[in-house]
Amino acid sequence: MTEILTLSGISKRFGGLTAVSDLTFSLKAGEVVGLLGPNGSGKTTVMNMISGFFAPSQGTIALKGEAIQGLPSHRIAPKGVARTFQLVRALPSLTVAQNVETALAFGRHKLWGRIARERALHHLEEVGLAGRAEERACDITYIDQKRMELARALATEPDLLLLDEWLAGLNPTELQTGISLIRSLERQGMTILLVEHVMDAIRALCSRCVVMNAGRKIADGATDEVLRDPDVVRAYLGDDHA
Amino acid sequence: MLTTTIISGLVLGGTYALIAMGLTLQYGIARIMNLSYGEMIIAAAFLAYVLFGQWGVNPVLGLLVAVPLGFAFGYLVYGLMLRPLVARAASRESLEIDSILVTFGLLFVIQGAMLVAFGSNYTSYNYLNVGIDVFGAVIAANRLVALGLAVVAGGALYLLFTYTLWGTALRAVAVSPRSAPLVGIDVNRAARFAFAIGCGLAAAGGVVISTYQTFTATAGVVFTMKALVVVIMGGVGNILGALSAGLILGLVETFVATYLDPGLTLAATYLIFLAVLLWRPAGLFGRSSR
Amino acid sequence: MTLKSFGSVLFFLVVLAALAFLPFYAGEYVVTLMIGMTGYVVLATAWALFSGPTRYISLATVAFFGIGAYTVSVLSETLPYVLVLLAAALVGLVVALVVGLATLRLAGVYFVIFSFGLAELVRQLVTWYEVNITGTLGRYIFLPVTSDGIYWQLLALAAATLLFSWAIGRSRLGLALKVIGDDEVVASHCGINIAGVKLALFSVSAVIITLVGAIQAPRWTYIEPSMVFNPTTSFLTLIMALLGGVDRLWGPLLGAIPLFLLFEWLSANFPNHYPIILGLIFIAIVFVLPNGVLAAAERIFSKRRGVTVPAANQGGAL
């Protein structure tokens, strides 16, 4: 398997605060990897650097062998990177279908008109929003907005999908639906990096996990082993539990 | 020649620093982008002109009239026109847009009133127009007075802001308008005072300018523009930054006027502005916070 | 095409034709009035084209207007008329690109400040150039363009601008603008080049404004920098667009027509107090109708029918 994403020695400093420090890991094509760590450990910052929201202060990020660190988001997205946001970002003045069509219109294939419409409806069906296309994005529930956001990300047909706590806040039934949805994406060959706190989902989905604490990588390996790692347990629960 | 240019540059720079401080208070603390600022300066210049011409009041004493009047005017304008906009604003952006629009309207009102009262001719008066020898260069006494006034006013303001509780409270609002109320600061009152002080400084600047420059009723735009450039160069809300940036701009303009052409000073201002925007949009002395 | 949209197109064409025949049955005074009015309709529509969706308030209208007029005065004797217009558009485009590239990546307020002083800067530079290099201030324009001709050109430009504005609303660019208005972060993650979109729109708007100045220039026969770079033009354009409402295609037009007539009447009857009245009207508009008359009318209308219109700036569900 080839490496699709390689982060080498990346750091991000905000003024005096170092949010991510000398982080190195890579994803192979078709892998589903969890990015774990306590709150404030720098997970979302990593996502933001991959998607081009921030430029790293140091280090390189390679996508399929091509350096992308420091490029703006609108140049990274068409290279096959799509994401969802920790707090859902719907486009409130548009309809549900238009939200998805946006990604089609400006993504890799620049689709517009009837084809874009058909694709958008297809992706809405994929995430369980069939028949909801004409509702306004600001009128649907939080969970449906999350689904819509995923459809928007999928519409770009990404090679690499970044999910930032996409499963958070779902009830048990919704969680099962969400997990099987991500599994079906994995079967399609998509590479997925997910930041997640829901342990059941991590165990069910991720073959491998990268764990961060205070901006540094403290573990990287098969999910079961990583979750038993004393460093990881200490990072989450404190010294007493190690 | 060089000494004269440097001293003239410092005089002009001191004036710019003075007016820019007022604008940086208004924008940094009260969050009002005041496009009618230059018109307030010119209005004070006309006031000094009338006081001196009609009643023979020395401009230095004229300050004692103009500054309180400017303060009162600012206090009223904020309360009547701007406070309702602040209250209805949904976000910082919408307040910015509303304040730009309303003060743009105010610009025409003040300018129109001055045109009615004084016409559109160039105006000036003779005050202390005698040469004084400074380091071998002959400088008009009124310019030295202007520099002195700018330094005193600017210095007093800086000390006030740095060492008094009240100044610290105002700076707190500039840095973090949302958390300032948590420590018991009345943000609304702070904004009103900052805006009024800003107008007071504009009045001071106008009186100072009138002592050594000719001015017209329609010259306000240029002063607003220069003050804005200085504010951005110095970093929004940064008093010391405004002071240094004002001096730099004054020196550059004087050099351009002396060695190139007086018609190109605004172009020079714009060039500096462009360079700052491309190179350090957060200001020469500000840390980028975005 | 539905029956309703067919009807609107037909109506648009009929009105346009009726306006085009105006010089044949109306007198010279009406044509002069219509030149001014059509000019402001174009200015306000072009202004709203950029400032409406981006919320960047441009105070540089007269800078481009003046550039257009001045280019015509400089080139009118050396080039054929069509090329003169083209050259004016090109100069406007270059200035717009420079200003846009410098400021549109930054927060909106930098753009406002830059545009605020731009007219004064261009005016001083032109004055400096004329005084120092050519040695004369003021130029004569002798072009064989009648006032009817000017009127027809402006009418065509107005129709083109409205059509363009309408077309943007249904294009990918229009969608990009809505997305940027909603959420810039999502926009760029969807692959939209935000600064590029803003720059494109600002340039188009600036070129149209430049053309208005260029087309109107022959009216004056003699022009000076202080005439064509009069800040009142920027101010009037802004008021008209805001009064009508910048979010709707017909808004600026509906603002421009009544205000133009009002201002004509005011400047004829109160020449001295004109700027004061202007300023007060403007302040009143910002206070009373922050989203323009069309939006206010829609709100009143829907209230009467008992329908609630969701506020445009309400944001997401959370």
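Going by the order they are written in, the chains are A, B and C; count residues from 1 in each one.
Here, a residue touches a chain if its C-beta (ideal position, glycine included) is under 8 Å from a C-beta of that chain, and two chains touch if they have at least 3 such contacts.
All values reported here derive from a predicted model rather than from experimental measurement.
Asker: Which chain has its C-alpha centre farthest away from the C-alpha centre of chain A?
Answerer: Farthest chain from chain A, going by C-alpha centroids: B.
Asker: Mind having a look at which chain is the central one, using mean CA positions?
Answerer: Ranked by how close its C-alpha centre lies to the overall one, first comes C.
Asker: Let me have the rounded angstrom distance from the C-alpha centre of chain B over to the C-alpha centre of chain C, please.
Answerer: Distance between chain centres, rounded to whole Å: 31 Å.
Asker: Compute the distance, rounded to whole Å, between the mean C-alpha positions of chain A and chain C.
Answerer: Centre separation, chain A to chain C: 43 Å.
Asker: At what distance in angstrom does the C-alpha mean of chain B lie from that of chain A?
Answerer: 49
Asker: On chain C, where are the residues touching two or more other chains?
Answerer: None at all.
Asker: Where in chain A do residues touch two or more of the other chains?
Answerer: Touching at least two other chains: none.
Asker: For chain B, write out the residues touching at least two other chains, lowest number first.
Answerer: Not one residue of chain B touches more than one other chain, so the list is empty.
Asker: Sort out for me which residues of chain C touch chain B in the complex.
Answerer: Interface residues on the chain C side: 55, 57, 59, 102-103, 106, 108-110, 112-114, 116-117, 120-121, 124-125, 127-128, 131-132, 231-232, 235, 238, 242, 272-283, 286-287, 290, 313.
Asker: What residues on chain A touch chain C, complex-wise?
Answerer: Residue list for chain A touching chain C: 51-53, 72-75, 77-78, 82-83, 85, 87-94, 98, 101-103, 105-108, 110, 112, 136-142, 145, 152, 156.
Asker: Given the complex with chain C, which residues does chain B contribute to the contact?
Answerer: So the residues of chain B in touch with chain C come to 33, 35, 81, 84-85, 90, 93-94, 96-98, 100-102, 104-113, 115-116, 221-222, 224-225, 228-229, 232, 261, 263-264, 266-267, 270, 273-274, 277-278, 281.
Asker: Provide the residue numbers of chain C that touch chain A in the complex, in ascending order.
Answerer: 172, 175-176, 178-179, 181-183, 185-194, 310, 312, 314-318
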